[in-house]
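Consider the two complexes below, in which subunit A is the common component and subunit B and subunit C are the respective partners.
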Partner chain A sequence: MSARALRSIAVTLGAALLGIIGVLAGLWCAGYPPATVVPTWLAAAAGNELHLAGSLQQAGPLLCAGLATAVAFRANALNIGVEGQYLLGAITYVGIGVHVGHAPGVVMIPLLLLLAMASGAGWALIAFVLERTRSVPIVLSTILLNFIAVALVSYLIEGPLHDPVTSAPQTEQLAPGLRLPVLIAGTTLHVGVLVIAALAVVLWVAQSRTVFGYELAVVGANERVARLTGIRVERVRGLAMAISGALAGLGGALQQAGVTHYMSDGSVSYGYAGIAVALLGQLHPLGVAAAALYFGMLDSGSAGLERHLDIPHDVGDILKGVVTLVVLIAAVVQWRRRPWSGP
Partner chain B sequence: MTLHAWLSAILVQALVSATPLTLAGLGELTAERGGVINVGIEGMMLLGAITAFAVGMTGNPYLALAAAPLAGMALGLVFALATVVGRVDQIVCGMAINLLAVGISGTAWVALQNHDLTALPDAAAFHRLWGQQYGLTYVVAGLCVAWWWALHRSRAGIIVRALGESAEACAANGIAVRRWRVSLVLLGGACAGTAGAFLSIMDIQGFEPGMTGGRGFLVLALVIFGRWRVEGLVAGSLFFGALDSLQVHFQGLGFDRYLPYQAFQMLPYVAALCALAVLSRSAPGPGQLGRPYPARH
Partner chain C sequence: MLSLEGIAKAFGATQALDDVSFTLERGSIHGLLGENGAGKTTVMRILFGLERPDRGVIRIAGTAVRITSARQARALGIGMVHQHFALVPSLSVAENLVLALGAGLAGGRQAALQARIANLGAELGWPIDLRARVGDLAVGQQQRLEILKALLGGGQVLILDEPTAPLTPLEAADLFRVVKVLASRGTAVVFISHKLAEVEAVCDRLTILRRGRVVMSGPLAGMTRGRITELMIGAAVVAPVRGAARPPGAVLLDLEQVSVADRQRRERVHRVALQVRAGEIVGIAGVDGNGQTELVRAILGQAPASGTIAIEGVASGAAHGATRERLGVIPEDRQQDGLALALSLTENLLMKARNQAPFSSCGWRHRARWQAQAQALIADYDIRASGPEQPAVSLSGGNQQKVVIARELSPQPLVVVAVNPTRGLDLGATASVMHRLLAARARGAAVLLVHSDLDELMQVADRILVMSSGHLSDSTWPACTREHIGALMLGEQPAVAGTGTGVGAQRP
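For the complex of A and B:
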């Protein structure tokens, strides 16, 4: 590992630690000494098999959204649209899934996942095509497409896909055959999380060992150089956007298939959190995995604080806000060195 | 209600919706004419909104209105130091500013709720004046005229426009490029912060996380839509204000029998996307938009 990589890891870890210390100091001032907060937090995040499973499950969609963001950012295609692509993937899986409940899951699950990936990729490619043909900046079009996706999904949930037995805005439940098996009984840790973890490794190998990974790095570092070396820049950027959208769509679909089993108007999307996860992970697949795990543990850990120490349940949100904040300051420091400017 | 009453209600709401877009747009337009693209105005609006709301708890609306631009400028300072002085990529940094603002405003909102401060006291809310509009709308209308004059007829306006075309030429003429650009970003932050305050203590009279709902991004599209000119921005804002107003009033008009309300919800964003698709290519914008100065260390 190069000195630069080590330094970048050290800076990021330091920033995350600083964020934790800041939050602990705040809680201390509010009357909760670190001596009780830290053990409770750790126990809830990774104290036993069940809690660790909860953290890992929470990390799954964050990792998928983080990987999606990272692969596009690496090609200098600022895809802020993972939020919308995630939602489209999720609604594709649920929307078609509730109509084909009797089909065998062995066939249907992979097929539906592929369709979800295609819809996410298609949504991302709108932005790419608009940039290619009409010079619309990707960062703007993807954001606008997020708002369009939210309204579209809301329409589908309240309209054609609405569950007739309830007045609440939600879809029907997925048939048991279309749900993903859980790994540990009594938890929501499902097979999909393993798939996402495997994808992180695949992306890592692809980025460091294949021609496409090399081209991605060159395009991200300097488009003119890439063009002069004979790399088809637009093809690489388009492919990066498609992969990004497909990953986002997959993340949405796996979350529905593995955890929630239906969609409601208030469905949580991990798209925007994925940006913070990707930046904290320095756009490196393994770094993103570490960042997603950290965020996942943060989520389940703060839930534990609420359960055991009677700390108001809002404190979990404060914790998230502060950590995101510190992550970003660290990222700004890192950007001066442009961490994704090549291997 | 008669048709006449509906039309006037829609017009009133159109002006209300157009006000924050125009105000934030003036700041963004000026910064972009000076060569700095600030994608973080959504976040600056959001921080302005929560700041005005929080300060409004004291019961003094003018204090609340004064605090919002300061909040926007604080974020603007972070952005300016990183991009203009530190030469960090402007678009990525702008997105970071947005996430930062979501974190800060969300945290502040939770903290306010813990103290049962969730509703703005009556005394802290502004009231509608002549023509069912808030006073700020008239101020913004006046600002548009002043802004056009300053940009096209004053020495400062010439400098701003030159900065966006060639920072090197400005520097050769003894203009402090980075100091000017930092000031322009701060001005943009103040405008965006005040626009956020308009939402929280005037238009909506409350706060909820993410309440700016993409208006900051619409503003970015509006600046392109208006081809970086004040009159174009005003025309675009009024158009989008009217679209937004239709969304608010469509149920009363009975349109929901034919179209789901979400169709109206997505209308401004679809229109913005179409406008960008039509106009981005023919409107290249300031020559050095987004490029740091000096170009090389």
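For the complex of A and C:
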């Protein structure tokens, strides 16, 4: 491992530690000493098998959204639309799933997952095509496509996909055959999380060992030199956006198939959190995995704080924000501090 | 009047300056010479308050001063003109002055400021139109504005960092005139340059830095070029030798009636015809901005052009793209177009070979072979780096250029296009670039060298054409004099063409 990589890991860990210390100090001022906060937190995040399973399950969709963001960001395609692509994937799985409940799951689950990936990729490619043909920046179009995706999902949930037995805006439940098997009984840790973890490894290998992964890095670092050396920049960026959207769509579908089993208007999407996870993981698949696990543990840990100490679980969100900010600041400072080289 | 005593400065593990001492005297023009990375720019940044020294003292008229900001340097009468101007092109001259010096000043004092700068300009023979938009000014005029700005602090010390790089020969001559006037009025001028001829023309004192240390500081009188060069680089530079002209080979780069328009549909290149044959270096001289950039962009397929461009006999069309990828290209701006700065040397060096056996097969990279190839190129092209994993951004300019050249020339392309390949490089690095181009010529490549440095062009080119306002002249070299070429560069039509005598004597 190069000195560069070691240093960026050290900086990230340092930033995470700094953020934790800051939030602990804040809680201390509010009357919760670290001596009670830290053990409660750790117990809720990873105290026993069930809690650890909860953290891992929570990390799954974060990891998928984080990987989706990282792939696009590496090619300098600022896909902020993982949120929308995730929702598209989720509604595709549920929307079609509730209509084909009697088909065998062995066939239907992979098929539905592929369809979800295709819809996420399609949603992402709208932004890419707009950039190529009409020069609309991806960062703008993906944000706006998020709004459209949210509205589209609301419409489907309240309209064509609405569960007739309830007045609440939600879809019918997926048939048991379309739900993912649970790994540890009594938890929601499902097979999909393993799939996502395997994908992180696949992406890591692809990035470091394949020519396409290399081209992605070159396009992200400098499009002009990429073009000059014959890299098909548009193709690389288009593929990056498609992979990004497909991952986001898969994340949404797995979450519905593994955890929620239906969609409601208030469905939590992990798209925006994925941006923070990707940045915290320095866009490296394994870094993103570590960041997602950290975020997952924060989520279940702060839920524990709320249960036992009556501290609002928003503390976890604050900590995520603080840590991400500190890491970004550290990255900028590192960049500025590089030895000044004369012309 | 201003002296540096024992200045030291380290960046991380690199000792950029070590015990640097020299004195600037009133009314003298002090040349500051050294290779890239010798510490010239660091000295000046310390003097201008942009860096703090780790050790050492700066004295002005005997009193020790601590310069902690550019604002303070200005208050002490120290002015600096950087290579890249700090001007906003869309604003007027007057607005730029306000921005730089007078933000927050009341209207009356701003008017006074503008009057002062206009007076100063008039005294120096540089009329300044305060209402002109800076973007409409020529580079030389922008530099004048920067110099006037730098003098407003009092004009005790004026630092010029490679001031002639963007100038035409005439503009440079005018700059030298003004620098001498300023010196006669008592300003201590610091003149940073790579070009010995310029230093000899204007300076009376000289400080030479090598690897962060002063190796010589004193009067210029009595120093020979050879001695100066030796002090700068520690050894004599082997000047590029062109070797005998070869019988012309096949036409490998063939342009017919090529015209290029910019986004505003103004024609930047006008019906250019150009042939470059195997085994020759064809130089295109010209002042920057006369269509050279657009012409090269057209050849590289980055700008739409009319007319035909044939590379290795393949004319524009379906098969053209693949042929074009075989070109060896040394782009004008190596940081913007030549390198991925954040990536490692290995990743930069194998950008073109990324898909070729034995480095990759079926889309998979053989990382050990990449590394070995990078190591071989680093050794071959004498790239000074700690290893193939070092990021390109941490290399000096000369070594960054070597990375570009190694990547572009090592596949032995039949056609090479180079644009200002030695810009910003020191003597040693310049010579090494020129050697590489000559080596390409010697093995039978067709080399198109677009270069604004006429002296360097005349050292290596077999023919030189001049580009002016989008028009390309006929071959001028070696038939014409340097003056003739200079006149063509400025868009004049010399009365008598090709009356060259004593061309050889003009060559440095």
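Note that in this section the second predicted complex is superposed on the first by the 311 of 343 C-alpha atoms of A that agree within 3 Å, B and C clash if a C-alpha of one lies under 4 Å from a C-alpha of the other, contacts with A are read in each partner's own complex, and residues count from 1 in each chain.
The rule we apply is simple: a residue touches a chain if its C-beta (ideal position, glycine included) is under 8 Å from a C-beta of that chain, and two chains touch if they have at least 3 such contacts.
Keep in mind that what you see is a predicted model, and the values were worked out from it rather than measured.
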Winner on subunit A touched-residue count between subunit B and subunit C: chain B
Just checking: does A:E158 make contact with subunit B only, subunit C only, both, or neither of them? Give me first, second, both or neither.
first
Examine A:R7 and indicate which partner it touches, taking first as subunit B and second as subunit C; both and neither are also allowed.
neither
For A:L228, using the defined touch cut-off, is the partner it touches subunit B, subunit C, both, or neither? Pick first, second, both or neither.
second
After superposition on the shared chain, which partner residues are touched by A:L130: those of subunit B (first), subunit C (second), both, or neither?
first
Just checking: does A:L140 make contact with subunit B only, subunit C only, both, or neither of them? Give me first, second, both or neither.
first
What is the contact status of A:I80 with respect to subunit B (first) and subunit C (second): first, second, both, or neither?
first
First (subunit B), second (subunit C), both or neither: which does A:Y272 touch?
first
Subunit B versus subunit C as contact partner of A:A217, first or second or both or neither:
second
Touching A:I148, do we find subunit B (first), subunit C (second), both, or neither?
first
Shared contact residues on subunit A for subunit B and subunit C?
338
Touching residues of subunit A toward subunit B in the complex: what are they?
78, 80, 130, 134-137, 139-141, 143-148, 151-152, 154-155, 158-159, 272, 275-276, 279, 312, 314-315, 317-318, 320-322, 324-325, 328, 331-332, 335-336, 338
Given the complex, residues on subunit C that touch subunit A span 11-12, 14, 36-37, 40-42, 51, 83, 162, 300, 302, 325, 329, 331, 336-343, 347, 351-352, 354-355, 360, 363-365, 367, 389, 391, 393-397, 407, 424
Along subunit B, where are the residues that touch subunit A in the complex?
39, 82, 86-89, 91-93, 95-96, 99-100, 102-104, 106-107, 110-111, 113-114, 213-214, 217, 220-221, 260, 262-263, 265-266, 269-270, 272-273, 276-278, 280-281
In their shared complex, subunit C is touched by residues of subunit A numbered 2, 4, 208-212, 214-215, 217-218, 221-222, 224-231, 338-343
